[in-house]
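Note that the chains take the letters A, B, C and D in the order they are written out, and that residue 1 is the start of every chain.
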Amino acid sequence: MPVLGQNQYGKAEVRVVRVAREGAVHHLKDLNVSIALSGDMADVHHFGANTHVLPTDTAKNTVYAFAKEYGIESAEQFGIHLARHFVSSQPPIHRARIRIEEYGWERISAADTGDDTTGGHSFVRRGGETRLCEITHDGERWQVVSGLRDLTVMNATDSEFWGYAKDKYTTLQEAYDRILATDVSARWRHAWESDDQAAPSWDGSYERVKKSILRAFCATYSYSLQQTLYAMGASVIEESPGIEEIRFSLPNKHHFLVDLEAFGLSNDREVYVAADRPYGLIEATVLRNGAVAAIPVDLTNV
Amino acid sequence: MPVLGQNQYGKAEVRVVRVAREGAVHHLKDLNVSIALSGDMADVHHFGANTHVLPTDTAKNTVYAFAKEYGIESAEQFGIHLARHFVSSQPPIHRARIRIEEYGWERISAADTGDDTTGGHSFVRRGGETRLCEITHDGERWQVVSGLRDLTVMNATDSEFWGYAKDKYTTLQEAYDRILATDVSARWRHAWESDDQAAPSWDGSYERVKKSILRAFCATYSYSLQQTLYAMGASVIEESPGIEEIRFSLPNKHHFLVDLEAFGLSNDREVYVAADRPYGLIEATVLRNGAVAAIPVDLTNV
Amino acid sequence: MPVLGQNQYGKAEVRVVRVAREGAVHHLKDLNVSIALSGDMADVHHFGANTHVLPTDTAKNTVYAFAKEYGIESAEQFGIHLARHFVSSQPPIHRARIRIEEYGWERISAADTGDDTTGGHSFVRRGGETRLCEITHDGERWQVVSGLRDLTVMNATDSEFWGYAKDKYTTLQEAYDRILATDVSARWRHAWESDDQAAPSWDGSYERVKKSILRAFCATYSYSLQQTLYAMGASVIEESPGIEEIRFSLPNKHHFLVDLEAFGLSNDREVYVAADRPYGLIEATVLRNGAVAAIPVDLTNV
Amino acid sequence: MPVLGQNQYGKAEVRVVRVAREGAVHHLKDLNVSIALSGDMADVHHFGANTHVLPTDTAKNTVYAFAKEYGIESAEQFGIHLARHFVSSQPPIHRARIRIEEYGWERISAADTGDDTTGGHSFVRRGGETRLCEITHDGERWQVVSGLRDLTVMNATDSEFWGYAKDKYTTLQEAYDRILATDVSARWRHAWESDDQAAPSWDGSYERVKKSILRAFCATYSYSLQQTLYAMGASVIEESPGIEEIRFSLPNKHHFLVDLEAFGLSNDREVYVAADRPYGLIEATVLRNGAVAAIPVDLTNV
């Protein structure tokens, strides 16, 4: 008989918004929560026997109830509450994995409106990167991976690419001053793994990692996107003692200099085509010395 | 024989990035340009005779060449150069319509990186709304419509909805304190229409309109999204003398209060479901007294 | 005071699936319904007075109730029921516009499974084009526009492009045997406009129009996509007496022949790049002699 | 110093269309190819030294050249040619992973057009599922994973869900006759792993697996989506001796029966809401007895 292998189930993309109201000043958290539960699930696969199956509808309800019972201090902390709950309250469930996307909102300010009576309850959704986290718990140990995607950055200079391998299919011209642009997608794993350890400040940690990434991106005079990737990863590991490893997936968003000679025009690094497909894709993990890699090769978005 | 009606052709979604370099400080413009040309095009439709057809590939080339020849001061000004060119240089072309999306980039600052040596050539793509414009020219008159989409805003309070019409299919409960959230999509038409008039500051105009929209959104104690829409439109018309009309398309991004009573919990405007579909959709034009509406009922994105 | 112009409101993207069960053989209709209502709506815009506003939530409920009360014979017929209801039952509502997307499903057959006991209740969603319609009613007259989008077609030969206008920005080489590919998006308006006239068979009409489009696409030896467009439109008008006009929006999905000479290889119309952006965009209306165009220049999807 | 972990690079989403012409009858292959190369890449990450880096632009060129040199018999066979080339020709490259999406086209037939002179060079893009494969090669062994996504199926009856675990957050009502719908995403690994073995017929294998999946979906009277998943997986393993394991990711596309009682209407399994988010997500691997799982937990699309 064919054998049942790794399996998991749950509710994906539960959209919850929590408003905390301090008088006229309100605070928002806007999350997209996905729950995957594993355990003693042979019977439901083999016979459709649901005794061990807590409905995915219940998982959804739990997200809403916990947003009330615990509030949402941070996505990571909220995910920890949820993962602990499923594993500790349902004996057939041995492992819970919670993935959360967080959408940022900023208070609309007097600078936005030109009116300093703008109240404390109006918000505009911040663009830019989406913050991510994944919490995995087996009843004893924790694995917390934080991350971001869609942090789109560009260096308009200080990037070269030459000296590469060539074969009979190589036609690329060497570049001594090119645009380097990418959508940073990154996931980093925290050293914290036990309730016996003090948990980090999840928000503070996030801000520190993001600063390391941006600083290394700006500061690296780049001869390849791989070099920039490693510099970003190394900065994170060196500047955040609580991070064990970080993985990046970096599309090389090609900006090709347009050949304007046919029109009698020069193009001294002024006019570029922003290309869509194909794109280079550079992926790597950078680890603290001694750490064992746990982040999968393929990053997933939710 | 079936009759050929309105027709137009051109190149859509030409992606151009222009870098202006002032020493170590660089400036970026990142546009998505779509060109639609109309004129004496009967023969190409009826017989495939291309004599009057300037290739769409040439339209694309022109975008890149003009980015060099004229630079990109603003999307509107760039579109004006393009529209004038096609109509004035190709006798069979009687009308040109240029649509442009602009993607915003911000210089990465010391605040982003914690490093005050951050240079002048590193950028992060700004999220939030996308700026839009459409330039139409027939050789004499101009019509300039500016706009934005995906400006996502939320009022966490100061919104009610009651006193509405009811029929046998009405089950909605009246709301005395609800979340009001929308993705603002707006297009506004400038009074400027002739080369004899002084052109407005396109960037200054954009900032003023956006401020009017945000201020009215914040300041309106709302009994319906229609009321908020009109308040936003009226603010724009009153505060921007150069704007003749503005049209909005506002999805009502429903945030439903979750019923937590089954779990023994209250929910005093704290925990909401952010719903996807269906959504209310509120659309209207607000005009300056005496203006004649020219913006179509259905807004289009590019 | 700024003036309120054209305005409409309603519920968009109401997703309804109806199952009709004839014993073991079931039938599916899967629609996405969007409702826009207009009328005497000044007070809600000016004062937030909702007396004339039937809630969009009620519009949604009506879709579900009517799917039970009337069934869904065709999207067009369903839209007619809805439009008539809103205009006739709510005096402040003077006009209703119903847009419907229909998703096709096919019964899974013995050919799909290799098992001729496959029952009558299993379906696979058909890919290919999405069927569309828009019903507008003002209490007296009807306007019915049917359509489709995402009908992606390709001719691997029988397409040329040469003899076009050239200017100083023209670099395109003439083509004497190219691929012609497009995603057909079309909307056609029916002559039917009064309850006094017999309504057409909406499903039969749709199949006839689609056949005309495909046949003209196949049969036209093309010297430009405009020529193919007109041929498709003329076929529809000539072969469907109940259609007054049809509008197309046809992206020219460029397939560029790859230059393999650098690798010592020839490429006799074998290997192509399928490009994304930019793309040519060809749009036109074809009308029955004497008909007055009513389909807007910009087609919208929902 | 932070340590470089798993890393790979290459060109993603190379879009290639190949036309094979047999007189007037043409044949199409339409692929989206993504290449990831790994090997001795420390220096490029640490120092930006590109000596070992074959440019991603060259990887792109190779796709086009190979489409000419080898043709495209099947996506799997094409991927095998590419993977072998990179590993065998570039000493620093130790491993190549090729992922391919294939878009299906059908010849437009007389049945589509009502005209039996329809030629052999006109095609319509088939909707429905997208075929996928991933080829991995380290110079000795092969791993071939084939798959599909977006095969959307529905059983209008023969699905129940009851007898599940309940906790204080459970409010779901048991269902004795519900709609079961999902978008099948599946990946299956072939036993073939050495050039010494005869390779399977990749196209024949694909058709057999798809039939097994559809047949099991139709034939399973389901008490849970997990049961249906296992039945589909077991069918594949039992009916395709060359398949070692298969993994599914199945969103439970909820169709909720609408409560029409408030309108005085019954709803005997007729009218449903097709919901978007959240959705149940059921994922599992089914293996041949003795096989070792190699397909990752998270399926990726390209």
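In the analysis below, a contact is a pair of C-beta atoms (placed from the backbone, for glycine too) under 8 Å apart; a residue touches a chain by one contact, two chains touch by 3 or more.
Remember, it's a predicted structure, so these values are computed and weren't measured experimentally.
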Report summary line: Label-sorted list of chains bordering both chain B and chain D is A, C
Report task. Report the chain whose mean Cα position is at the greatest distance from that of chain C. Result -> A
Query - Turning angle required so that chain B lies on chain C, C-alpha fit (0 to 180°, nearest 5) - result: 180
Query raised in the report: Which integer distance in Å separates the CA centroid of chain A from that of chain D?
Result: 24
Requested in this report: Averaging only over C-alpha atoms, locate the centres of chain A and chain B and give their separation in whole Å.
Outcome: 29
Query raised in the report: Which parts of chain C, given as residue numbers and ranges, touch two or more other chains?
Result: 15, 61, 65, 169, 171, 263, 276-277
Query raised in the report: Quick one: in the complex, what on chain A touches chain C?
Result: 168-169, 171, 262-264, 276-277
Report summary line: Residue set of chain B touching chain C in the complex reads 1-15, 34, 36, 41, 44-58, 60-62, 65, 89-90, 92, 161-167, 169-172, 222-224, 226-227, 229-230, 233-234, 237-238, 245, 247, 251-252, 277-289, 291, 293, 296-298, 300
Query raised in the report: What residues on chain D touch chain C, complex-wise?
Result: 15-21, 26, 28, 30, 61, 64-65, 67-69, 105, 108, 112-115, 117-119, 121-129, 151-158, 179, 211, 214-215, 217-219, 255, 258, 260, 263, 265-267, 269-276
